[in-house]
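There are two complexes below, and they share chain A, which is joined by chain B in the first and by chain C in the second.
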Partner chain A sequence: MSLILEVRNLKKVFKDFTLEDVSFSLERGYIMGFIGPNGSGKSTTIKMIMNLLKKDSGSISVFGLDHIRHEKEIKNRIGFVYDENYYCEELTISEMKRIITPFYDNWDDSAFEKYLHDFALPARKKIKELSKGMKMKFSLAIALSHHAELLIMDEPTSGLDPVIRSELLEILSDTMQDEEKGVFFSTHITSDLDRTADYITFINNGRIEFTAAKDDILDNFGLVKGARELLNTDFKDHLVGVRENRFGFEGLIKNKEAVKRLFRDSVVIEKPSLEEIMLYFTRRPQNV
Partner chain B sequence: MFSIVLQDLLVMRKSILLSGIYIAVMLLIFQNIATPGLLAGTAIFTAAMIAVTYMLIGNACAYADKSKVDVVFNSMPVNRIEIVAARYLSVYMFFIIGIVYYLIVTGLINLAQLPVQVYPLSWEGMIGAFFAVTLMNSVYLPVFFKWGYVNSRMINFILFFVFFFGGNILAEAIYKNREYAPVKQLQGFIANQSETLLRAGFILLILVILFVSILISARIYINKEF
Partner chain C sequence: MDIIIANTSDDPIYRQIVKQFKNMIIRGDVAEGELLPSIRTLARELQISVITTKRAYEELERESYIVTVPGKGTFIAAQDKELFREMRLKIVEEKLSEAVDAAKSIELGYDDMRSMLKILYEEV
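The block that comes next holds the complex of A and B.
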């Protein structure tokens, strides 16, 4: 097993928010979706991986190397796409490329030209004249043109229309044909991960709720429906979150098989979506 | 590092073009303000270089702050010290651009035989302007790295006024008090030194100020969060 990214017991304290005990790891050849509601700590975690924010404690290894001691070497092998454009808007695509090229040891001009062509990006257009989708594609072209082994993406699809989002996800899937790469992809739009992600890490209020293979999550969690009376029994202990209505309740359970065994025909269990899982975890304190 | 300077040059290209006009305007304004005598040329040239670097580095810092380009550079394989050093290097790139414009503008005035007094570029002028530009930006840049453009612009503005008018006020004060004993003593001391020693000493002083400023900026920037 070759870990491309390993985060252990990460901690960062702000005045009004604490990120605590954040741990997860990603193997080469896989895409990890990093989900959580707005303000849950996704961007903070990514900024600490990129050393844009200083961690208070914990460890971060990328390609098996400490992210501070080997910062330059690691960043040579990382591609990044952030939620907004941070490139110089006054410059054209080709001018910006000229500025970036010398920083990377493995910069590949022909790959960049190919991405410009594939993404229909006009090299002579100023970045400020590009649409949000095009800016995102430009960031992606930069990230992919130095043969990055790890792509770190912070909400890359936020604010994009469904067509561009779908295009972006296809590009990601194509990139992963080469099984030597890894993608760490934060989003609060969980449907982006339905097709692409292999692993899911869910962060809520600065803490990791779970990190596991997406298929295991979808297999183990269950969306359960039943009569209200059940909520007055031991059944309540199995619930992560619940929503009551006139006819009964709907809730999320962590261990579908155990509930099936114990409560058999008194409940109906369905497969939840990632969005539903996220919603129930987020609402949990008010509803269980 | 040079790529970051290149970005500053590309972003500031319109302002760079305009700075030639500013120098021409300043030469005209200073016709009636500058103290006559040997120091007038130095004072005018220094003021012009102060104005050009103030405008260009101020705009470059404002742009960098607004567009948050530090996020991009700090996500790339670039040392933070290189980013700091690039900002200082930009100051001197703008200084060189200012010199070139000064030469062009004064050359054109001479060529057209306009009734404007122009002062040729001298070693004293160059070193004086180099000192003033270095000192001004050596104070400003650590403040910029610490608090960003918006919170530091007032300090930059005050520094600009001090250095822009300070050169001329200083030259005027020296000229008016040229018979005063301490001024005479200073002039005597300077006159007794060889020109090479004086220039070397002055340049060394400038480099020490610059080095200390870069160290402070680097220390601030290395610990900065984005």
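The block that comes next holds the complex of A and C.
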């Protein structure tokens, strides 16, 4: 087992926000989704991985190397896709490419041509004339054309329509046919991850709520519905979050099997989506 | 080889895959020694996690439905024909006992049930 990305006890203190105890790791050959509400620390974490922001303490290693000491080598092997455009707007795609390529040791021009063709990107168009989806695909083409082993993407799907999002996910699964690669991407559109992601790391308010295989998460958590009087019993201890209405309650439980055994007939248990899990975690303080 | 995943099903996706492969093998739709798609190809085609397909293959392997040859791929294992027949008989038995239960719950007699079965058997 070789770790492509490892974050340990990452900490960063801002005036009004603290990111603390952030730890997770990703093996080669897998896709990890990094989820959390807006302002929970996703971009801050990614910026620290990319060393665009200095961490206060903790350690980050990429390909087993320290991310600052070996910054140059690591960045050669990372493909970074950001939700905002960080290319020069006035240049065309091929002009921008000519500027970028000298920075990468492994630049592969024929691969780039192929991606331009596959993604239907017009090489002579100026970057400011591209649609949001095209800009994202251009970033991705750059990332894939220097044979990056690790793709780090910050909200690559935000603001994109469902057609382009599903295209992106297909490109990602194609990339993952190579078992040596890894993908780490943050999103608040969790439906993108319901199927493709292998691991999910959930950050909330600057702390990691959980990091685990997606299948385990979806198998263990349960969406539970029942009569309100149940909330006055020790059933309450099983709840992560709850929402009451006039006719009953709906909540999230962490250990589906245990609840099934204990409260068999008094509740209805359903399979949650990642979005529902995220909602109940973030709603917790007000309602339980 | 068709594999259909239901997102709304209560069954985890890996179990749906296991079930469908088993059915294909039991029905004889796939032959012994046939090469299966790699876990990564299957994951890409079905747009699901690699962990899910891996888990499905591991389970099928544990129950000796498939074998993995390192460096070559995963194949349908040699199957015991007798055992298959046995398993199919068991399925018939299960379904019949379900029918018997249903019949008894409305006090349908054995003779009525037998004539019902006879009609159904000759119809199909």
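Rule of thumb we're sticking to: the second predicted complex is superposed on the first by the 288 of 288 C-alpha atoms of A that agree within 3 Å, B and C clash if a C-alpha of one lies under 4 Å from a C-alpha of the other, contacts with A are read in each partner's own complex, and residues count from 1 in each chain.
One rule holds for everything that comes next: a residue touches a chain if its C-beta (ideal position, glycine included) is under 8 Å from a C-beta of that chain, and two chains touch if they have at least 3 such contacts.
Note that this is a predicted model, so its numbers are computed, not measured.
Superposition of the two complexes onto chain A shows chain B and chain C fitting side by side, with no clash. By the touch criterion stated above, A:E179 is placed in contact with chain C alone, chain B being left untouched. When the two complexes are overlaid on their common chain A, residue A:D215 makes contact with chain C while staying clear of chain B. Of the two partner chains, chain C is the only one that A:T196 touches; chain B does not reach it. When both complexes are overlaid on chain A, the residue A:W107 reaches neither chain B nor chain C. Of the two partners chain B and chain C, more residues of chain A are touched by B.
Using CA centres, the angle subtended at chain A by chain B and chain C is 150 degrees, rounded to a multiple of 10.
Once the two complexes are laid over each other on the shared chain, residue contacts for A:F119 go to neither chain B nor chain C. Residue contacts after overlaying the shared chain place A:Y30 against chain C, while chain B stays out of touching range.
Aligning both complexes on chain A leaves chain B and chain C separated at their closest CA atoms by 28 Å. Those residues of chain A lying in contact with chain B across their complex are 47, 50-54, 71-73, 75-76, 78, 80, 82, 86-91, 95, 98-105.
By the touch rule above, chain A contacts chain C in their complex via residues 29-31, 169-170, 173-174, 176-177, 179, 195-199, 213-215, 218-219, 271. Residues 10, 12-14, 40-41, 43-44, 47-52, 55 of chain C are the ones that touch chain A when the two sit in their complex. The touching residues of chain B, counted against chain A in their complex, run 2-4, 6-7, 10-11, 63, 67-69, 71-72, 74-79, 223, 225-226.
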